[in-house]
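Here it is, the structure in full.
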């Protein structure tokens, strides 16, 4: 069913977690765009911002562009983009660096937490304007 | 385990989406009553209103009875019935035609969004009166 | 991936429900500690309180220690412990005997409701203090 | 300070309650448009819909047009209009006849409840689109 | 307007705070029943439980009956009674000793916080059953 | 009653609005620290960060330091500081520049909206850790 393609951007530098999230979201019926760095996440947002329905991002992404930056860029493109952060130790910065109406999930987490977080944020969203 | 039967009414006129939802809810441990029109949904509600624990309904259902009508009828039978609407393009009418404490999911959606929506609404419900 | 171990304590005296919950949570990516009585639940909390990330408990547990007691003990050890109660008929006591920010799920329930409830509570939690 | 004029439509057929609400909202810093019937409320909405920031309406308004109708009309004009219903005995119909994200206040109520309800709904609203 | 009498029970052992709350709630349009001990609060609940629409209670009340006990008793009488606790130093026990859907306000507080808390809880309540 | 002093920082460059907010918060029982620029807000936060219980800030403050900066600084000092933004036209940037769990109020607003917003955020806060 082509129509039900719901694209989620997942930015995570650890290959193992990236792979687990890929499987989890695909089993939940989502399509995923997987990237390993913040720079690639920014590129993916610029290339297909409108098509992306949610952003899941690690905070530390190995390069100069952090998950905080990725989320802020996503919201500039689409003000109501659902944002889920994953983090091992940067959770303490969420109150000052996170965006409004985002969810922070601390590592270690169970994959279904991330799937539920994205679904909750999508379901809370406004109806489409005409 | 007979006791865990939780019946969800699903009203959707596209056979493919209906089938995907059936599989999704059964994998989540729900039992489903599938109907293709609003008229059938009203009948199902009248026949087994008390047994139904949630209603998932498309808005355009091909006949004279819309998803808005189905939800209103469900709430007349059971004031706290969880209601999830699915829609391609009628979302703009939800603020005036939807019922309180309902969730609207825009198509295309991932099946796990609908499952999460029903679970959220069931979990937010009041405890059973004695 | 050793790091993603998220331990959930499940206290339920019916073997069949316990087993369904075990499968559901493991499929969702959680690790579970299963106990059949309130006394065992208290022991498990005392033994590995810090490691446990959520508590799912039946209310009637066959012995002197009820699910209300299990939840209260869990919160004394860890003030922000997510708590989900399951019950057939004690829901009417939740407003006076439950703990704040807990979820009550009435039996019969679908397993995915419990998984969603735990994920919601974990996702709503505060970020880790440093 | 002309700039802080925030107009609230209040539809209530009992003169005494209307007058108490007028005083309460003006003390809270709001400007009010007071009407006594549903027909007048519809007119006020049509005449100054964009300028109105919230609707407070009794359900029984003495004529053919009920508070349910007033709220639905307000939402057709402005999809995110905050809606507060006041009622003595029609609360049981709110789950089927109310609009999403509305608040129902049962009579008797304290005036500050209504003021808080309007403020809560205004504060929860989306930021202005540009 | 006799009909708008909304009775709130306020249990507080410090006369000065009791008096400030009395003035605040009366200005907000509520009627108040003021008591200084937990024992008196229990008596007031037993005498006029149905008429009381909300309970505001200090936690330390000078006698054997604490605010935790007052709230639990109120919820046994009326499962959806709004409960607001006030406390200087017992907030740490709220996660284990508080009741669900209650609000804890730490001292020192501004009187309007308590008024807003009661209004929020009343406004979130279910519509009256018929 | 010295103990009930609850200090709120209000940063607003228009003297008239600043004065209205001062009166509103004092009538609500709060004590206020009034500043006219972002630079003064940062100073006030550094000087009495721990004593401040909430921050209300205009976004455009006439100098190099915006309300976005003020809020971020406040959260670095105190991770759970309630934050309310007021704005005429910068609301569109709130999704990318605001902090989590903040409230945005669009001008023109009624003063009681701001008072309710601060009370809501204070009441939602965690109980004090011991």
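For reference, chains read A, B, C, D, E and F in written order, and residue numbers begin at 1 within each chain.
Note that in this section a residue touches a chain if its C-beta (ideal position, glycine included) is under 8 Å from a C-beta of that chain, and two chains touch if they have at least 3 such contacts.
Please read all numbers here as calculations on a predicted model, not as lab measurements.
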| item | value |
| --- | --- |
| Far-end chain from chain C, centres as C-alpha averages | D |
| Interface residue identity across copies chain A, chain B - same or different by half | different |
| For chain C paired with chain F, centre-to-centre distance based on mean C-alpha positions, whole Å | 38 |
| Chain centre separation (chain B, chain C; CA means) in Å | 28 |
| In chain D, residues with contacts to at least two other chains | 79, 92, 94-95, 115-116, 120, 127 |
| In the complex with chain D, residue positions of chain E that touch it | 1, 3-6, 25, 28-30, 115-116, 119-120, 122-123, 125, 127-130 |
| Residue ranges of chain F in contact with chain D within the complex | 16-17, 20, 24, 87, 89, 91-92, 94-95, 103-113, 115-117, 120 |
| Residue ranges of chain E touching chain C (in the complex, touch as defined) | 72-73, 75-76, 79-81, 92, 94-102, 104 |
